Amino acid sequence: MSLHLVFSRAGYKACMQRKVADDAVILLADGVYCLNIAEGDNVHILEIDAKVRGISVPSHGAKPIDYADFVVLTEAHNPIVSWAD
Amino acid sequence: MKKMLFVISNTPYANTHNAELLEAAMVGAVFDGIVSILFRDDGVYSLLPDQHGELIGQKTISKMLSALPTYEVERLFACADSITKRALTITSSPEVVALSLAEQTRLIAEQDVVIGAQL
Amino acid sequence: MKYTLAIHGAPYASQSAQHGLALAQALLAQEHTIERVFFFHEGVYQALSTRVVPQGEEDLLSKWQELGQHGVELAVCIAGGIKRGVISEEERQRYEKQSSSLAEHFTLVGLGQLISAINETDRYIEFPA
Amino acid sequence: MSLHLVFSRAGYKACMQRKVADDAVILLADGVYCLNIAEGDNVHILEIDAKVRGISVPSHGAKPIDYADFVVLTEAHNPIVSWAD
Amino acid sequence: MKKMLFVISNTPYANTHNAELLEAAMVGAVFDGIVSILFRDDGVYSLLPDQHGELIGQKTISKMLSALPTYEVERLFACADSITKRALTITSSPEVVALSLAEQTRLIAEQDVVIGAQL
Amino acid sequence: MKYTLAIHGAPYASQSAQHGLALAQALLAQEHTIERVFFFHEGVYQALSTRVVPQGEEDLLSKWQELGQHGVELAVCIAGGIKRGVISEEERQRYEKQSSSLAEHFTLVGLGQLISAINETDRYIEFPA
């Protein structure tokens, strides 16, 4: 199963069109602005990047993660695909 | 003195353009320019409250905005349409006046210079 | 007329150098004056002295320097320049770096020099990152 | 009257929403990809940038210009506004 | 050897990323990688015929594409949707296979590595 | 596991350095191996030795160099590096430039080193411009 790194709003759209349904996703950098439109069980958000931008992560929806969690996700998935359009 | 409009159209932390443009706007005011700032499109993300640029070693844009009145940069505008499309609740301090597209057309047309072409 | 130009993009990361240079040459050919070219944001990388031109490609740095020799001021934003690694001999000494990297004919200046150029000229034209 | 420099497709949209109807426009850089959607009498296209990208400029629609024409347009208009979103 | 997909999602001449990625793809093939290239979104502008990068001192992407078969890079794909949306007529040489979004999903999922995150 | 990281963005022009550094540190903390960090596109500017850190900001260059001291190879794409102005002492001599600009612990390498790192590692992770 793949892991998708989403770095921007346009990247989010391009990724959603082309990922396998239950692939894992991490929203990071400007990708965190997609928090309110992100759907699916397997979506994570890099909490520090959300805090930087003044985006608060609610208890439901995307799971907040730190870099240690990021590492665990990279262990479990391949390929790791970056989306930054 | 000249009427200068600084346009912020990009997100605040992917790069440091917004911080650099705000610095230029402050210098414009120090040099007695008639300075306005327009936040439009993804630039309106700069207006979210409670940002923390220091977490990634960057200047915090929301704090820079609070400092603008000290530099007598008080004409702050935002595209109402861009805010609505992104469903944002923006900061109330400093005061930012929401403009329609038609009002932005007038704002741009009355300037001597417009600064801030962004990727 | 008097013009101020601003270059916001790095070489190879945008067409801003090609646009700025070609417009500058056309302006001078039509007997306009360019008060200052201001390098801002990633545009400061245009002034790096260590660039090696790939074979068969344009030497944009030399073209900027030719403009400088014709009296056009090539002004690099000092705050943006030094944080990105574009430093003059003076800054090299102040910050105790091993070498300087600002090419000849460019100068590091404050943002005030952007504003004063704008104040003293008829047109301001910006080439984005 | 203003002169608008359009450097990208997103920039074209942002510009059209905010320019005065008869302002002058130059499509350049990736802005030349907007040739087929560009409307209005006062739209110009930097011919070299179109050629670079394999975009052919038909005899109707946007007027092809070179840098000498670009200079003339900058003489006649102010402010000059760049759009590069 | 590894299956490598290079993704070109940006316009060709605003920066030199596409040329640099194509070079990396050629090197991948030289090192016996199983190399594919996918053009999607604004990347499909790379497939227009008759480009002239030399006019602005850059490599011509359409010429680089013609050279790919020489390097045994022959799996070239493009997003059909992206081409249709931009109303483009793309080059016929080298041969580029148009893929639906579902086919792109399969292409990506079967790779060992995917290269080419672009602005 | 063995990892290859790729950094595509310039300092201040993207978060790629912050992301890459933080992930690299977390990988090493969890006893993974980083075979190589490859600097490509505008990422080559990360290796400029002349950068001056603004007061109160992070010294990203030193953090890269610390990784290098811990045995992580910091590999800069040579073609992308020299055309942008990131040159080693060897390239300085070859092209007769006044000074070199590649920071300590970085090396200029060909694109083959990206591919061979990918071939020899379990994961490839890219941080865009």
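First chain written, first letter: the chains are A, B, C, D, E and F, and each begins at residue 1.
Just so it is clear, contacts are C-beta pairs under 8 Å (C-beta built on N, C-alpha and C of every residue); 3 or more make two chains touch, one makes a residue touch a chain.
Everything quoted here is computed from the prediction, not taken from an experiment.
Chains that count as touching both chain A and chain F, per the definition above, are B, E.
Of all chains in the assembly, those touching chain D and also chain E are C.
Counting every residue number used by either copy at the chain C-chain F contact, over half are found in both chains. Mean C-alpha positions place chain A and chain E at a centre distance of 25 Å. Centre-to-centre, using mean CA coordinates, chain C is 33 Å away from chain E. Computed from the mean C-alpha positions, the centre of chain A lies at a distance of 28 Å from the centre of chain B. Counting only residues that touch two or more partner chains, chain F has 12-15, 57, 79, 124, 126-129.
Residue positions 13-16, 42, 56, 58, 113-114, 117-119 of chain B are each in touch with at least two other chains. In chain D, the residues that reach two or more other chains under the touch definition are 5, 7, 29, 49, 78-80, 82, 84.
Every pair of chains meeting the contact definition is listed here: A-B, A-E, A-F, B-C, B-D, B-F, C-D, C-E, C-F, D-E, E-F. Of all residues in chain C, only 6, 8, 14, 40-41, 77, 79-80, 110-112, 114-116, 118-119, 124, 126-129 touch chain B in the complex they form.
For chain F in complex with chain C, the touching residues are 10-13, 42, 45, 48-54, 57, 79, 82-87, 91-92, 95, 97-101, 129. Every residue of chain A that touches chain F in the complex is listed here, in rising order: 5, 7, 28-29, 49, 67-68, 70-71, 74-75, 78-80, 82, 84.
Residues 1-2, 4, 15-17, 20, 23-24, 27-28, 30-31, 33, 113-119 of chain E are the ones that touch chain F when the two sit in their complex. Across the complex, chain B meets chain F through its residues 13-16, 56-58.
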